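You will see chain A twice below: alongside chain B first, and alongside chain C after that.
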Partner chain A sequence: MNQMNQQKLKDNIYLHFEKDWGKQSTQFSTCVEIFDYLSSRPVSQLKHLTLGSLKNAVKNHYSDIDMLTAIQYLCGDAIPVLSLHFEFIDDNDQSFDLGNHEIIEAKKEGKLVHPGTGEYIENYEEKVLMYFTPGILVKKAHN
Partner chain B sequence: MHQELKLSLETLKKFSDDVPGLGNFANRALVSDYEGFVSILYNDIDLIVSKIEQNPELYKNDSEDRITIDIINQLCAMGYVASHEKKIGGHTDMLVEKPPKTWLWIGEAKIHSSYPYLFKGFRQLTTRYTSGTNDTNQGGMLIYIRQANTQNIMNKWRDYLNKINLRASTPFNLNTSPCNQNPLSFYSIHIHQRSGLPFTTRHIPLVLHFNPEDNS
Partner chain C sequence: MPLQTLLNNLRNRNIPWPVMSTSFKYHGLTIGRGWDVTVAKLKETFESSSPEDQQKQLSSLSAIYKEILLSCEKSARFFTVDENIVSQFFNKIDNLVIPDSPFKSDYPNLISEDELNDIDLNIYLTSFSSTSNKATLIFCSKRLTQERIDIKATQFEQSVQDILNDFSEVIGIKNHNRQHFDIVVIDKTSNGIEIRLDYGKSIPSNDREASFRHIQNYLQELISEVIETEFILSPPIDLFPVINSLYHSDDGRICELAFTTETGSIKHEKMRRRDECLRSEAYHKGGSAAVDGNLSVYKIAATWEYTINDKLSTQPELLLPGVVRMLSQTNTSLNDVIISNCASLNDYSFITGKLEGFLEQNESNESTET
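So, the complex of A and B:
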């Protein structure tokens, strides 16, 4: 994608934020700042974004509620700026990536199968964390 | 020292009152089939509807479109691809898409004035906008009710649909069933004219009657 098309894509994304939130809203600024951060870094450096790292990326300007509102929206189908992933952190702080089917099964059964040991984890909802990678739109803006 | 908030499935529950739809955030990402998509969409619509119903006085002069657009805006804030007046066989009141899949859910909105008027909307939904094929075999009637006793109106609407079905020259095999999520809603299933397959409609009332009898 040439520079002019990249700019056009970014302008369209900003317009979408404006249409959904209004230009004067906190949500608009949060979304713009997150998108600007993601599109200004190489994708290879954005492999494990957390709520905390995204908060730092926008210089802690926004509350947890503002960030969660923006993150939910940016993970949506309408404007896929972020892609959502799940990981399980065990009692030894070891992390295991989880596939969607593992979470679906855990929700059905009320317990998660430990991806390493095969043991059942009862209070899994506290131990399954969400992290993010750049979504399709950010990857397009990079190319 | 300030501790960083970990975004766990548990955290989503804790913040679900502060961020509309957040309780369903993970579920939306986990959807793997059309039925799951519609089921989660209904949870989100129910949440939006219950917030609107908390302040019926704010909606007492609003048009059908204005209320519908308010619901659509709130779905968009949750990340849905939701639109008003998009052309699919005609200009739909509410269209929710799930790209890159071809899943569609269409809602027809009506301010209740009479049962024939609601039936006109039901026919628009089921004979004009929806194809009734696998990826579009569910839809919704959003019924904005400014009169008292929503339960009574919904019962009468359900009876009206059943009678129309029996009297039709070509019966469309309509059956109704209660909705477990909301006692005021109900489901109808009938044979879709275009596809010949069963089509499920959820009939969702918005309780907007507002007539306080105090003096303030």
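So, the complex of A and C:
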């Protein structure tokens, strides 16, 4: 994608934010700052983004609630800026990626199969964490 | 061996689930999500199978168990032995006697918890097999291990529950005895002895050293008895030089690295992504370039993709667990490695083959320099 088209894509994304949140809203500026940060970084260095790293990226300007609202929106199908993933981190700080079906099953059964041992864990919620990678729109904005 | 016993044997070994499920799949056994569902499915399939198929399923589980005893979650050290000693050992191998013990009578099954609690802390030769070039000796012993256990408030009376309810999580550390299967391989082709300590990764390094010494002492006595001459093992092969060779090669995927820099820092890096290598990670490359690549690596772990067939593979891991003081000491030696995530002797040998390759490469570089 040439520079002109990239700018056009970015303008369209900003317009989308404006239409959904209103230009004066905190959500609008949170989404713009997150998107601008993601567009400014090489995609190869955005393989594991967390709530904490995104807060740092926007200089901790926003509350956790504002950040989570923006992130939830940016992970949606309408404007796929972020892609959501889950990981299980055990007591030894070892992390295991979890598929959506594993999360769905755990919610249904009230217990999660430990990906490393195959045994059930009941108090799993605090050990299952979200992380993010760039969504399709960020990848397009880079190309 | 009954189905339930085989399943208990396998489950009690705390084998990494990806390894276990790959082994089940390789043998065409039905699996589900995690142990509970898999055990239920295997029992259901077994009960609805013909006697002939039941026998096949038992043989498959038994084969998986035997491979796992020999190769799964081991710490290994290697020795070079005089050619004459190895020849004498193979010539007089009939002198090798397996002493009576509960381990021997129940092998390869685990002995009962009561028997394990009652038995002393000695090592027992439990089984051995040999070909013209290789003897494999299996030793059993009990070792004390610690396990983290989630404690549920509902297990206690009301007054304790009232106290525990203030905590979101209560963890207990339980001491218990575990039966270990240590392996010794005496190889006539390479004149080498390999000792594989069971559960190598989960044993603290001091205990690991003590356990290796315990086996070495017993092995010296045993070989001396067989060859009817006093035999003393030479020091184990120093594996520390392999750390640098592995780091500077492009072999495998480095997933853990610890090093010092000349700017005064100690770094410990771990790659959480299964498909990425620390060597090519942006932060590592940038940091390394900033100090002109002058990193002194003292600990490294790498994994390889080991293809079993067109649908199945394992990711065996080699960890060289050096410590920072080894960089400053003279006459230092890294005596053992930890080999994990192996489903069989094939992927285990693949890793020891890599290790041998690096050792040979170092030897050849040294001889070129001199």
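Observations
The rule is simple: the second predicted complex is superposed on the first by the 143 of 143 C-alpha atoms of A that agree within 3 Å, B and C clash if a C-alpha of one lies under 4 Å from a C-alpha of the other, contacts with A are read in each partner's own complex, and residues count from 1 in each chain.
Simple rule for what comes next: a residue touches a chain if its C-beta (ideal position, glycine included) is under 8 Å from a C-beta of that chain, and two chains touch if they have at least 3 such contacts.
In this text, all values refer to a predicted model and were calculated from it rather than measured experimentally.
Partners chain B and chain C, once the complexes are superposed on chain A, both fit on it without clashing. In the overlay built on the shared chain, the residue A:68 is in contact with chain B alone; chain C does not reach it.
Once the two complexes are laid over each other on the shared chain, residue contacts for A:11 go to neither chain B nor chain C. Aligning the two complexes via chain A yields an angle of 120° at the C-alpha centre of chain A, spanning the centres of chain B and chain C, rounded to a multiple of 10. Using the contact criterion defined above for the overlaid structures, shared-chain residue A:76 touches chain B, although it does not reach chain C.
In the overlay built on the shared chain, the residue A:119 is in contact with chain C alone; chain B does not reach it.
Look at A:47: by the touch rule set out above, it reaches chain C but stays clear of chain B. When the two complexes are superposed, the chain touching more residues of chain A, out of chain B and chain C, is B.
With the two structures overlaid on their shared chain A, chain B and chain C come no closer than 12 Å at the level of C-alpha atoms. Chain A uses residues 126 to touch chain B in one structure and chain C in the other.
The touching residues of chain A, counted against chain C in their complex, run 42, 44-45, 47-48, 87, 91, 95, 97, 102, 105, 113-123, 126. Taken in their complex, chain C has these residues touching chain A: 14, 16-18, 20-21, 33-36, 38, 148, 150, 168-169, 272-274, 276, 282.
By the touch criterion stated above, chain A contacts chain B in their complex at residues 20-21, 27, 50-52, 55, 64-65, 68-69, 72-79, 84, 86, 100, 103-104, 107, 124-131.
Chain B makes touch with chain A in their complex at residues 4-10, 13, 15, 18-19, 21-22, 25-30, 32, 73, 76-82, 97-99.
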